[in-house]
Amino acid sequence: MRLAMSLLVSVMVSVGVLAQTATLKLEPVERQMPPYIQERLNANDRVLFDKLMRVGIESAWSLVTAEGYPQNFINELTPLKPHYRMVGRARTMRYLPNRKDVRAKLYGAGPQLNYKSAEEAQPGDILVFDAGGEMRAGVSGGVTTIRFLVRGGAGMVIDGAMRDVPELEAMHIQTYMRRGHASSVSPIMMSVDYQVPVRIGSVTVVPGDILVGDTTGILVIPADIVEKVANTALEHDEQEEFQRDLLLKGESIYDVYPMNAATKKRYEEHRKLKR
Amino acid sequence: MRLAMSLLVSVMVSVGVLAQTATLKLEPVERQMPPYIQERLNANDRVLFDKLMRVGIESAWSLVTAEGYPQNFINELTPLKPHYRMVGRARTMRYLPNRKDVRAKLYGAGPQLNYKSAEEAQPGDILVFDAGGEMRAGVSGGVTTIRFLVRGGAGMVIDGAMRDVPELEAMHIQTYMRRGHASSVSPIMMSVDYQVPVRIGSVTVVPGDILVGDTTGILVIPADIVEKVANTALEHDEQEEFQRDLLLKGESIYDVYPMNAATKKRYEEHRKLKR
Amino acid sequence: MRLAMSLLVSVMVSVGVLAQTATLKLEPVERQMPPYIQERLNANDRVLFDKLMRVGIESAWSLVTAEGYPQNFINELTPLKPHYRMVGRARTMRYLPNRKDVRAKLYGAGPQLNYKSAEEAQPGDILVFDAGGEMRAGVSGGVTTIRFLVRGGAGMVIDGAMRDVPELEAMHIQTYMRRGHASSVSPIMMSVDYQVPVRIGSVTVVPGDILVGDTTGILVIPADIVEKVANTALEHDEQEEFQRDLLLKGESIYDVYPMNAATKKRYEEHRKLKR
Amino acid sequence: MRLAMSLLVSVMVSVGVLAQTATLKLEPVERQMPPYIQERLNANDRVLFDKLMRVGIESAWSLVTAEGYPQNFINELTPLKPHYRMVGRARTMRYLPNRKDVRAKLYGAGPQLNYKSAEEAQPGDILVFDAGGEMRAGVSGGVTTIRFLVRGGAGMVIDGAMRDVPELEAMHIQTYMRRGHASSVSPIMMSVDYQVPVRIGSVTVVPGDILVGDTTGILVIPADIVEKVANTALEHDEQEEFQRDLLLKGESIYDVYPMNAATKKRYEEHRKLKR
Amino acid sequence: MRLAMSLLVSVMVSVGVLAQTATLKLEPVERQMPPYIQERLNANDRVLFDKLMRVGIESAWSLVTAEGYPQNFINELTPLKPHYRMVGRARTMRYLPNRKDVRAKLYGAGPQLNYKSAEEAQPGDILVFDAGGEMRAGVSGGVTTIRFLVRGGAGMVIDGAMRDVPELEAMHIQTYMRRGHASSVSPIMMSVDYQVPVRIGSVTVVPGDILVGDTTGILVIPADIVEKVANTALEHDEQEEFQRDLLLKGESIYDVYPMNAATKKRYEEHRKLKR
Amino acid sequence: MRLAMSLLVSVMVSVGVLAQTATLKLEPVERQMPPYIQERLNANDRVLFDKLMRVGIESAWSLVTAEGYPQNFINELTPLKPHYRMVGRARTMRYLPNRKDVRAKLYGAGPQLNYKSAEEAQPGDILVFDAGGEMRAGVSGGVTTIRFLVRGGAGMVIDGAMRDVPELEAMHIQTYMRRGHASSVSPIMMSVDYQVPVRIGSVTVVPGDILVGDTTGILVIPADIVEKVANTALEHDEQEEFQRDLLLKGESIYDVYPMNAATKKRYEEHRKLKR
């Protein structure tokens, strides 16, 4: 689905015989990358992420599936903020149930991974925590996330729990998680792997994947195909917007979606006019 | 429960010795059928649905149960919009896991049922999708729902998933579902039956049932008894409003709810005065 | 985590070479006891509950755990109101599946416990209903809760379901529960025990426990240690606020959280200045 | 259902034209109270429990429900032993999540309840542990159960986990539970209440209830009505056995179950002959 | 997988230097249609079902999937009998949550569907009950199933619960279900549709489908393709048996599974010899 | 718990006044490493694994926990074989949801990991598959497991599903899993990592860990502490066996478990005599 960001779609519809005066108004969904992040992106990402802010996630899903990735949609997690589109690049971490010996080895070798990932984050990054769905301990929290925000972080996806939920809710980025928990990561969990393929819900997320999320869920787009997906989906959205307008004017869905021959012709003319 | 739509219940209460100046204010809950739908309803439905917009769902539940329907409340689904009352008439569809042979037969015989139901919807209808709780595929989405809106649709109840969740959230109707999913209905699911009894959560919904939903859940009222339920419940709500007022004034719950003899007498007087 | 209630933390950050003008703004979280409750509290509770309104739940969790209570956090229930901190004292009830013989004995001996607890509630009390997670019947509802509000009630925690959810949402207190249900408590459940230890999620709650809840979950603090926890946590929060400020200014998390020697020195100076 | 213990029901059936020689053989289900328990029962229990060993749980369920107890069947737990009927009297315990302060108080006052219940058990008792479904810690184990066995214990029902599962499987009593766990009860759980009403699955079990369990689940019979239930159910089973025989002989279910007038007459004659 | 029914695969293996005398013995799995059913089947079914008794369910699954049915495997239900292969033809029923009005209409029009299906069953039929996963009420039980047995019934698949579990366990057919329950179908459920497509787990089962089940789960084969699937799978199993033999002799899996060129050649020779 | 393998514990008990002749007989649990595996073990493992075949899992759990590993018990999986003790060394694999690009890279670099692990297995190894709990696809099956058996494999632990369940049930090793599925691993899953730390249930398993499993669950013992755990647990079991004998003789649990001073003295004497 795609709703233009700048237009208020609002029409008068008359289907009955009596005077009907109420308008059918579809509220546009506001979607833009927060300026703080946007101005830190490199030129390529700024263009790409802007497209992905506007694209229909459903159109993009069709294209990602057509490219051979039918399992790339996450809908098991809950977004903290309503009405918010998240776009960014996956930086992944893998957590496991805590064990004294493994922890001693790993934590002796370097900082815990929520620290490391916040410190090394690039503008437009999304931190992806695979905590195996564990809900009895938070894997990170507000303070570490402030460092991530300053670095230009664009979102967080946690298959598990987080501390400081009200603080996260007040931030300008989206966070997807299962639940909150006030505990520290110890003694239930420990961070194990950095920038490896991980499992979120029933999707494998690879470092560098581009994630596009809203309240429907999160689409995981392999970096190789993201340009193609973004461009083709926008074209498809343009057509869908035309179809939505016809439906709002009261035309039958059988003529419009999918388009019959006559509607297709009208659409071709509409496109010519628009250019 | 019933909260008058037009009154702001707000009282001063003093239970301590010190000066207590804070008021106990109960915010009224706004509840009205969206004008676009309302003016398309026939005369009977306009009156009936207006009553059901105001009725206490709990009072109505008691009456529906007393009529022999103790299993008619759905609370397994999540409403997309907060603070919203849905009232309308069930138009049902049954979905099953996709199968090549069954799909070929059914889809050869007519349009997919989310199309058909949107096209044939009458003002005040609620689309009811029994998708068996499946969360790996959306059964319908934004574009089809626009056609439904234009027709005067009043709500959607999906035991499964939907596409285009932000678009649905922005509409003037309520949608109850389990989760979002960006996928098309294929290849996981297919529509099978139209206007048959279906299962939503642990309730059988029959075409023509009247549904009344808010954030507590959805009450399913057989059409035969809906007038009686609406009228009797409104009477009961009138009494409950009196009881609420007494409680807000600081009276003991033991005298008021249920009413003892003295309170009953006061209520009789109150009713006479009101008329 | 702790966000000062009165300050708007908002800074200019420059990490790139190009002109970057967007500010990193953290919205403060509003947290105060509703005046109606506050002015009914006794002097001790007023001071204590005010501290707990400001304290970081995560800091407090660490201290509660350090005191020997590692299992005292509830995150299985859903709060009805976003952005809301609940503080109060547990008044507990235990419900069991309904049984004719037990019910006859108990209900002959006195009022149902949701009535009794509303009537006997003291200002700042939180009603805690252990309904074993049952979601097929509401254990209490709006009318009874009005009596509780008038008495100065500060919140409700239900391991089960409640009636009248929109009415509860409109109240000035927080309610945590699993789901709504329009039914009365009968015939599925019955109240059995009053002011005994109960199970909520995977936590034992004892009458008199102090509960502190927000959207992360609910911390259960034994009354014996609550003063110590509140005071120590506030001190810890003061340090964390300093750390947040440094991070917002762009310092590395490795220097700040935890603080290295240099940062510790700066913090000592900061504290002297503040006094 | 009821299968006679001593008879092998085995018949020749011919429904086709060709020679059919295979017999339809229903294996009888062996059901008897283990002798060790039986000879320790008092005279009344020996008679009553023997009846309940033979009764159809389904017939008994109908009668228990008709007496006003429609919620008295437990089917959420797994029996350790196949092909085994458990009959006995409930001795109940309530466990809660561990908490230092509550534990100190309770464990100072007397032994842990799995010890106490094993020591105080009477012949024919069934230990009923309400552990709230917790599966991360065993509430009791093999050693304590040996003491229970010596005392004449007849079964165990645990809404939670047990240690020493292979040892329990090898005993001559049935154990119903959710899962095994090798841990001790600490530090996750603690015993709190002895011989109080408890919740198992979605059923309230009261001390003194008579439990009858097999692989279908566990029927909970209030002591007041157990004689009546046992006697009436056995009568009903006698009729059902007659019906089974007719069905095995190839008669139509429409004539037999429920019985039409002709079949009823035959049954009356059958009963006269039997006496 | 396929294990010959008549051969005991048992070999001596030496991989170490020391004397190793233990044999690697694979117990053959006994699989045959019970004679009572077999002799009542028509000629075609007798041949077909015999093949399906021997076929590898995994080989058959691959072929069913290759034919366009990737969703046709049920693994959500529990078989009552271990070590048992079920083969037969689906006779379907759909149950819904009970509702007074719908029940009155349906039950006035004819017998409850568990009766009807038992009475009308043909030899080799499998009763398939779609009860929506409901576990609070049994949809059928032992007495009705005796009529089904006499008719030559070959199995039962219930997405829900059954009465009389020990009796069902003692029968010569397999039953798959979620749980047992001693209750009658009323007042929770009612039978609604007969011989329509239904949902079991996440699979659509159509009347006339051929079901093949063991402890791995149940493969649902559309009638149109069952001959092809059975024959091709048996061929594939023959090859797999050769591969198993090589592995048992200690050959490397890299040469054998899949077969490299040399192994393929040996297999061709092996086939020639066998004929 | 510990039950001696060679002794049949069977005693006469008299607690009543009447003649009681039934014996309290505890069936010993047979536990030995299958000879085929045993004779392939190296000398150290043969001794160690023999101890672990006899040790009480509960005693060992206490010691593992005391060494700092309180989270090392798996009870979320189902063992295929009843009455069976599994002992061996973990060889781990990690599976993720299938993705075309990752799969292409990994499968180009070497064989799928169920093949590789079967081929490289050492005598006494246990294959540990972390499939994230996925139940819609089998990660391995019968043929590959035959290669593993020939190599001396001692067990399999799958947090997911397996093909060929009846074949696995017939083998001389134990398999723990969630469910069966007839499908191949594709297209739902793919193998990703070999011999890395993995998550099974809520436990981290590291390559080389020693696993000890029965129907209670699986204890995960770090290799560093396994000798100490085995020896100390056997000592503790010796004492528990003494306690069991006293209980079987009818002594009070209060004197015996834990032992009071008098019982301790008797135990010391018993030990002296035994040596």
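By letter and in written order, the chains are A, B, C, D, E and F; residue numbering begins at 1 in each of them.
The working rule: a contact is a pair of C-beta atoms (placed from the backbone, for glycine too) under 8 Å apart; a residue touches a chain by one contact, two chains touch by 3 or more.
All values derive from a computational prediction rather than experimental measurement.
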If we look at chain A and chain C, which chains touch each of them? B
Between copies chain B and chain C, are the contact residues mostly the same numbers or mostly different, with half as the line? different
With chain centres taken as the means of their Cα atoms, state the distance from chain A to chain D in Å. 52
Report, in whole Å, the distance between the mean C-alpha point of chain B and the mean C-alpha point of chain E. 43
Can you tell me which residues of chain B touch two or more of the remaining chains? none
Touching pairs of chains, which are they? A-B, A-C, A-F, B-C, B-E, C-D, D-E, D-F, E-F
Enumerate the contact residues on chain B facing chain A in the complex. 34-36, 38-40, 111, 115, 118-119, 135, 138, 141-144, 146-147, 149-152, 161-167, 169-172, 179-184
Which chain E residues qualify as touching chain F in the complex? 1, 3, 13, 15-16, 18, 20-29, 56-58, 60-62, 65, 73, 75-76, 82-83, 85, 214-217, 219, 240, 243-244, 247-248, 250, 252-254, 256-257
Can you check the complex and tell me which residues of chain A touch chain F? 68-72, 96-102, 132, 134, 187-188, 192, 197-199, 202-204, 206, 222, 224
